[in-house]
Every structure is written in structure tokens, then in C-alpha cells.
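Common to both upcoming complexes is subunit A, partnered first by subunit B, then by subunit C.
After this line comes the complex of A and B, so read on.
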């Protein structure tokens, strides 16, 4: 069940990604429609984070290519925004909430330039959108998990991008934050933005997303939520590991084999 | 004392130069060190510092002069090579980073010592003074040396200021930096180069063996005092500068003394003081906080007890003697007396010949603790489904930390209850 769309915002073609030579994603082929809320769903170790990182060219691909807005990623970086996993940074860094949100403007500023007044306005607006304006001067080391997540979200919003990649924004946050975030995502969709979210909770997935990608080392399905979240496809995604596939991956690493033959 | 006056009057031009040089070197390496520290690569700085020695020696052997520029180039090459080796070993083998650092450090330093010894035994008259690179000699920072090293230090400072925003993001969230199109690899290269340069200029004052302390210790000390990166950089620079002056002074008054160990001792003292005394993060502040908590718990427990005695007798303001207090709860006697004396000073209780009684304020505070205790017990049984005989211990601690806002929330969520799980009235 892999549905392709006309004029996609994201086009992934035959993408294979490896960690230390072991392929963790095999030959992903998918397209995503504009203005949708997309959930990337699959069990632990399915390669969900790897997929969005590889799409954004944060990880090298062993094969395949990605086009966003029908352009190579390097040409559209400014229109793309990324919300990494909360745990990926050390929150005991000497910075305030506002400092971190302001980082969302760095991409537009370019080298050497200091943030201007307009950038500070944009950062403050982003903070308001996530309901954290009262925390602007708070040290980031004092934030709760949900607040950290909101700060990361605000940083991404400050970029004013057209497409957002979010890695587990709902992981370990309180209910209030989860509702606030999903409200925000819906508003963003109404403004025509595309939001791609790595998500681990099947229960809420059907309410949150209008497009779902099912992943388990390979692409199981990609399509509108109601067509994809079926018993059969979920069983394919979650049921039984593909033992042969991971054995082959282990072999590739052990023998230091190239994932793709070099073309001469 | 005379030396002190003579030195700090800065009449002697030589002293002025030496001091200025030491300050610049120490401050610039401290500023760069902040980023090295935040990027969690403190040990790498140590490896680079040791790896600079073979470069200095090789440069001398090849050129036969002690021209600071040539020595600097040599130092830079091997310092940089050591970093590349560490990265290469970590990326291309099963060896982890800490092992790679240990390997590179010892191999490079070993070669350095080997070269240095062979130079010293070669009988070349020009070599005298090369050993100052081992432990540093601030007083020799004159003439050409001073100009070259200070220039590099100033370039370092300016570069760090120019790239402040980029380095900050690189240290905080590298992957995000990459996602917004920052040239992360080049920035990393830049920080590496800055680190190597900071080490190269710093060794003149401190020597290769202790250079890592100059890079990391001021940053670590500064981190205790602030939560702002900008302030941290300035503080680290000041701490570095101060120890630089101190080192220059020692080097001036006791020429036989190596400067490095002195500077490092001074900067370490500052770090230890910061560790102990810094507000919030410091060790003393933590102890005080714990002490404050302990006395608060003791006082509130006493007030709670007096209130509970009042409940039992349905009379809150009568005298209670020590026996009846200790009978209810086994406080160590001395602690109980000290706590009671303090509560009296604070006006929560009154002293009578035959005991103590609550004041109106004391009754109110005791009542609040009892209320919070019972509310929390109720909350645990209702929301966490705990058995009612398991909740008392929990409530003993929680009763002391619930804020008025939380109390309000609790009341709302429990729907303004009248009885606790043991069917006792909630006051």
C-alpha cells in the first residue's frame, strides 16, 4: 500500500541508509502531498528517526536521492525546519530559553551577522505560539520535559519554514503540552505547511495524522491514514522481525562489504 | 614586598610587556577553552598540548633557530596532526575516543621528549631555553616572541567574537546546526584550529605539560558563576588574565621557578573556590540549602506535633511540656530543644515555666502542615490507588514542600475534601 501523489513536496527515491555499514533502511520510495500532517510510525529500531534525518541529508545515504519542493535539499534548506529529539542535546548548557529560540533565526542570518531586532521579534512570537513567553529569560537547565519540547518547537517555528520534520515531539511530555502541540500542528497545516512527525503511539496516530508512513527497516505503507492504519498493514509492520534482512545487514558490516557496488 | 611594588607599579617596560603578553595568552586560551569545554572535548585539548612538543623540536632541528614564527608553525603542524589522528582512529577503528586520546597523547609527547633530549645533548649553543616549552616561562616573553604570540592571541579573540553565534550553536546542537545549513564541518575545523592555536600560544607561558589546565580550568570555574555563555566567556577570560599576571609575577621574582605550575596552581585555586562558593551551583550553597531544609522540616514537625496535641485535647493554645512532645514523637532531645528555642524566637510558640504553647501564627502554620499531610495522603489513595496504610511515609516529606499554588490545585482536584483516608478531619 504505497500511494504516490502528483506534485509531491517530498519525494524519496530508492533511499538506503546504513549505520557503520549495516543498512537500517532498505530502498525507501515515497512521495508526500503538500499541506498534510504526516505520521512516521513503526516499532523501536524501525529507522523512523533515521528516515527523517536521511531525508534532510543529516545522514549520508548509501543510495537513492531525495527532492523537496522538486529541488535538491541544499537549495531549499531555508524552507525546511527540524525539531530534533529532546534528549539529543545537553540541557545544562549556559543559555536562556530566548537564546535557544533565537537560534532558529541563525540560518537566515548567515555567518557573522548578529540577530537583529526583527529576529528577536520573530523569536518572541514563536515563544508566544507555544505559550512559553513568560519563560523567555528562564535558564534552559530549569525546564521540565514538556517545556523543553515547546522550546524546541518554538525554535523551529521561528524559522518560518514551509516544511517541518519533528522527531518524537510527543515523547515524554505532559498531556497539556501534547494537546498544545497538536493544536499548533493543525494550525500549521491550515496555513499550508507540511509537517512530518515521528510518532510512537498507535492509539493517537489515527486522530493526529492525515497521512501515515508505516516503517520497519523497509517501507510497509505510505498513504492516507484511514487506508494505511489497517489490521493487516499494522501486523506487517509490528509483527515478526525480518530476521533474514537483519542477518544480511550484519554480514555486510562484518565483511566490510559495500552496500552498493561501485559503478566503474 | 619590594618585588611586589616594583612589579605592580609597571615602571619597568619589560614588566609591562611580559604582563601584557601573559594576560593576552591566558585570556585567549581561556575563551577558546570555554567552547572546547562545552563541546565536551576537554581531554582533546590536553592531547593537543602534549603533541605540540615534537613540532617545536622538529622546527628547531630543521631551521636551527628559535624564531618564534617557525617554532609556532612546527607546533601547529603536530598539534593539528594529533587531532586528525584522534578523529581518524575513532572513526576508522574499534578504538573508543578516550583510548585514542591516550594513545595519541603519549606517542606524540614521547617523540617530543626524545627530540628535546637529543637536541639538548647535541651541544648546539642555540638550543638553550628550548626546555621552557616544557613548563613555561612567562618572563621570557619579550621582543619578537611577544609580538608574534600576542598577535596570534588577539586574532584568536577576534575570531571567537566573530563566530560567537556559530560556535554557540555548534556546541549546543550540532545536528540542528547542520539542518539549517550551517557548514558544520568547517566550523568544527575552525574550533579545532582555534584550540590548537590557543595551545600553541599558551605553552609559552605555561608549557605543554600543564597547558590543558589553562584551556579548561578557567572555563570550568566560570561555568559555576553564570548561566549565560557571554558572561561565561568574559569571566573565563578574567580568570585566565588574573592567573596570567600572577604567573608573570612569579616568573619575574623567581627566575629559576617554572611559570606553568604556578599559573596552574593559581587557576586551580580559583576553580576550587568557585566549586565551593558559587551561588546555586556551589558546594557551600548546596550544603546551606540542605541545612535549611533540615531545620524547616524539624520546625514544621514540632509545630505539627503541637497542633496534633491540640487536636487530641481539643485545645490548641495550652501549655505542653517536653515529655508529652517527646512521647508522641521520638525527636533527639537536644534537637527538639534547639528547634523549640528557634520557633520561640520566630514568634510561633511561647515559652512558659512548665512548657510551650502555640501562638496564633504557630497554630496556623502547624495546621497547614497537618492539612497538607492529610491532603497528600488522600491524593495518593485516590490518584495513585495506594493503600491507605502505605501513604503516611510519603506524606511526611511532601507536606514540607507543597507550595500554596499546588495546595490550591490539590484542593480543587480532590474537590475540597473533609476527611483523609484514615477518616480523620482535614483542618
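After this line comes the complex of A and C, so read on.
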């Protein structure tokens, strides 16, 4: 079930990505609507991170092409932001929270220019949005996992981009951070931004996203959440893994019988 | 006056190396600096064979090229032959250095370009090699001019490219996503390391270069959590090390480069034990009341 939209913000055409000549993503063909919260969902090793990295041209594609805002990626870099996985950087790096958030402004500054007051203000505002303004001068090695994630989010916000790619922003964060992040994502959607999130938790996916991409090396489905999160498509995505399947069953049962009735 | 020239040479080398070393250790590439400082040897020899002179410019170009080739080969073996990064470093630089040694022994045996000079240098001879113009004006030691120029160049690169170098060291994936070329800054950094190595090898030798590339930055890393302070501190540590090292050598009547490298190690040990933020001594003390 692959649904295409008119005037997409992201258009992926026949994208194949390989590591060491072994394909990890096969012929991905999808379009995403503007102003939506998109979840990329699939089992471990399904190529979820690979997909967003390939869309951003951080990984070379073996074939296919990507257009964002109907332009090649190189022309719209400034409108794109990225929140990498938290573990991808060294948090013992000698930098403060503010230093990291200010990096969000670097792309717009251009070569040789130093951050000006407007940039510093933007960075500070971004920190306020994630509730971390009190930590501006804190050394990044002293942050908890959830705080690190908020700092990465603030850096992306400081950039004031139009489309955001986020790699597992909910992985290993506390519940307060998770709620804060999803609130923030919804506000961004209201402002007409598009947010594409790699996500591994099926339970919350149906509440968080309005568009879902189901991926397992091949594209299983791409469409509005309620049409995509069906038993049949989830089974196709997760294959015959029993534990996962029973989880999927749980999830669907919950949908069929709301919690209130279950208690009686 | 000789003491002044020697200390100035040491300080200039320390400044270049410490600044670049900060980026290398944070990128977990300190040993790449080690590799480059050795692997530039064939470049130097080939440049010498082509021009027949020991002028700085051809040697800098030769060594710069070899430095970039070295980093490229390390990447290549690591990525395509799927050898571990450290193994790839080990095989690349020993091989290139060995080729350089053979080239020296076969072709350049009759000049004062030998293995000892490359490895240990002789900083004590710096004041003897003066830059004297045709009308007999002396502008001081030749090395000081080369090193001074390289130091200014490196400071300029770091000041102008501060934010790009900072970001590509911390989070290359994000840098690439927002349109900052990680490979341009990577190879720029490696070219700067090659330049520093070749400008300093004659006077201080490859071993002191490695000591200065890793020692002062690692010491500064233990003393501060702010990157700009780390850059400044590592330069200060490098300069103090050169001064103390010189007088240690003077007092012992021993090798100056060796004494400077020794002081580098001692400075690191002191920071390791007594750093107010990361030091073992204070960590222990902090734990006791808790």
C-alpha cells in the first residue's frame, strides 16, 4: 500500500542503497505530503536510518534520485535539518550546551563569518523551546540522555529549517522528554514544517504520526497512519518473528478493545 | 642569543603542533598525526632528488603531497580492505617511512639528510643555519622564518575556519547534512599537519613533533571543558614545555628535543594527577565526603 501525494515535499524515486555491494534498501519509491509528522517504522536492520541518510545524500545511492521541495538536495540544504542519533557523537567533547546549539546557525552563516547576536538569540530561543535554557553553560558531558536529546533538538530548531529528519529521537529518553519532544513536533507541524522521524516503538506510533512509512529493506507501505498500521501490513514488515507478531497482536487487540472495556 | 633562537624554534613547533593536535585528539586521530610525521619522509627525499637543493618550498610541497596521500591510503585500506583503522595506520606509515629510508640511503647518502636527522632532528644547530642575503645582512636562523610562516598560516586557518573545524570534529554527519563539506576540512587539517611536520622535522625531528601533537592537547583536555580555552592552554603548555625542556637539557647537557618531549610527558602526568576538574587527586578527595 504505497500512497502518493500531489506536490510532495519529499519525492524518492527508485532509491537503492548498498553497503559493500550488498543492497540494504531496494527500489524505494515514495512521496510525502507537506506539513506532516512522518514515522519511519520497521524492525532492526530494516534500513530506517539508512533511508533518511540516503534522502539527505549523506550516503551514496546506487540508483534512483531524491527531490526535496521539487529541487535537488544540494539547492535546498539550508532548508533541511537533521537530528542524528544521540550515540553518534562524543559527549565528552569540550563544548557547552550553548556551543552545540549555536552550531545550528553555522549552515546559514557561510564561510569566515562568526555568529552574530541574532544567531546567539536564535540559539537561546531554541533552548527555551526545549526547556533547557538553564543549562546553556553546562558542559555537555554532564547531561542525561534525555537532556542530550533536547540539546540536539534545540540545535535543529535554531536552524529554523522547513524539513527535519530525526533519527530515533525517542530512543532511551525519559517519559518527560518524550512528551516534551512530541509536543514540540506537533507545534512544528502546525507551523507547516515537515518532520520525518525514525521510530521503533509500534505502540506509540499510531498516536504520534499522521503518515507512516513501513520499511524492511523494501518499502512495505507509505500512507496515512490509520490506513498503514494494519495487521496485514505489519506482518509483512516484521516477517514471521513470533515475539514481534504477538506484540503486533497485542497492539491490535488494544485498538479493538479500548482500555475502559477491558477493565470490566 | 643561541638559547633564545632554540627556545623560539621549540615554541613555534609547539604552537603549530598543539593547535592541530587539539583537533586530532578530539577526532580520535592522534596516531594519524604520528603516521603523517613519519610518512612525509619519501616526499621530502623525492623533492630533494628532483631539485637537488634543500630549499624549503619544494620539500614542503613534496611532504604536503605525501601527507595527503598518507591520510588517503589510511582511509582507503580501512574502508575498502576492511582492515581496522589502527592497523591501517600502522601499515601505511611504516611502509612509506621505510621507502623514504631506502631512498635516502641509496640516493642521498652524500648530503646531511639522514635517518638520525629525520627522527631526532638537531635543534641545537638551528642558530648556525642563518639566512644571509647577498649584501651580507643576517636575518637570523632560516628555520625561524619557515616555522614562523607556517605558524601564522595555521593560526589563520584556525581563526577563519573555526566554526567549520569545530563542527566537523564534533558531528561530521550533521555538518554534511547542513552543507559543510567534511572531506574539505578533513584534508585541510591533514595538509596543515603535513606542513607542520616538514617545517619542523629538520630542527626538532619526527619524535618531538609527535610529542607536541599529542602531549599538550591531551594535557589541556584534562584542564578545561571549553574548546577555545583548550586551544589556548595547549599552546601555553607547549611553549612552557619548550622553555623548561631547554633548560633541563642545558642542565643535564643532553638532547634538547629529548628533554622537551620528556617535559611534555611530565606535564601530562601533573594534569592527570592534579587537574581541578579531571585530576585523580581531586576526584578521590571529592568522593570521600560523599
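Quick notes on this one:
Simple rule for what comes next: the second predicted complex is superposed on the first by the 239 of 264 C-alpha atoms of A that agree within 3 Å, B and C clash if a C-alpha of one lies under 4 Å from a C-alpha of the other, contacts with A are read in each partner's own complex, and residues count from 1 in each chain.
Simple rule for what comes next: contacts are C-beta pairs under 8 Å (C-beta built on N, C-alpha and C of every residue); 3 or more make two chains touch, one makes a residue touch a chain.
This one's a predicted model, so the numbers in the text were calculated from it and none came from an experiment.
Subunit B and subunit C, once both complexes are superposed via subunit A, clash. In the superposed pair of complexes, A:177 makes contact with neither subunit B nor subunit C. Contacts of A:77 after superposition: both subunit B and subunit C are touched.
Of the two partner chains placed by superposition, subunit B and subunit C are both touched by A:111.
Of all the stretches 166-174, 310-318, 328-336 or 346-354 given for subunit B, the clashing one with respect to subunit C is 166-174. Note: residues 53, 56, 58, 74, 77-78, 80-82, 84, 88-90, 93-96, 99-100, 103, 106-107, 109, 111-112, 114-115, 139, 141, 155, 159, 165 of subunit A belong to the subunit B contact set and to the subunit C contact set alike, using the contact criterion stated above. Here subunit A touches subunit B in the complex through residues 53, 56, 58, 74, 77-78, 80-82, 84, 88-90, 93-96, 99-100, 103-104, 106-107, 109, 111-115, 139, 141, 155, 159, 165, going by the rule given at the top.
Subunit B meets subunit A in the complex at residues 38, 40, 162-163, 165-166, 168-169, 171-173, 175-182, 223, 226-229, 231-232.
Of all residues in subunit A, only 53, 56, 58, 74, 77-78, 80-82, 84, 88-90, 93-96, 99-100, 103, 106-107, 109, 111-112, 114-115, 139, 141, 155, 159, 165 touch subunit C in the complex they form. Listed in rising order, the residues of subunit C touching subunit A in the complex are 26, 28, 160-164, 166-167, 169-171, 173-180, 221, 224-227, 229-230.
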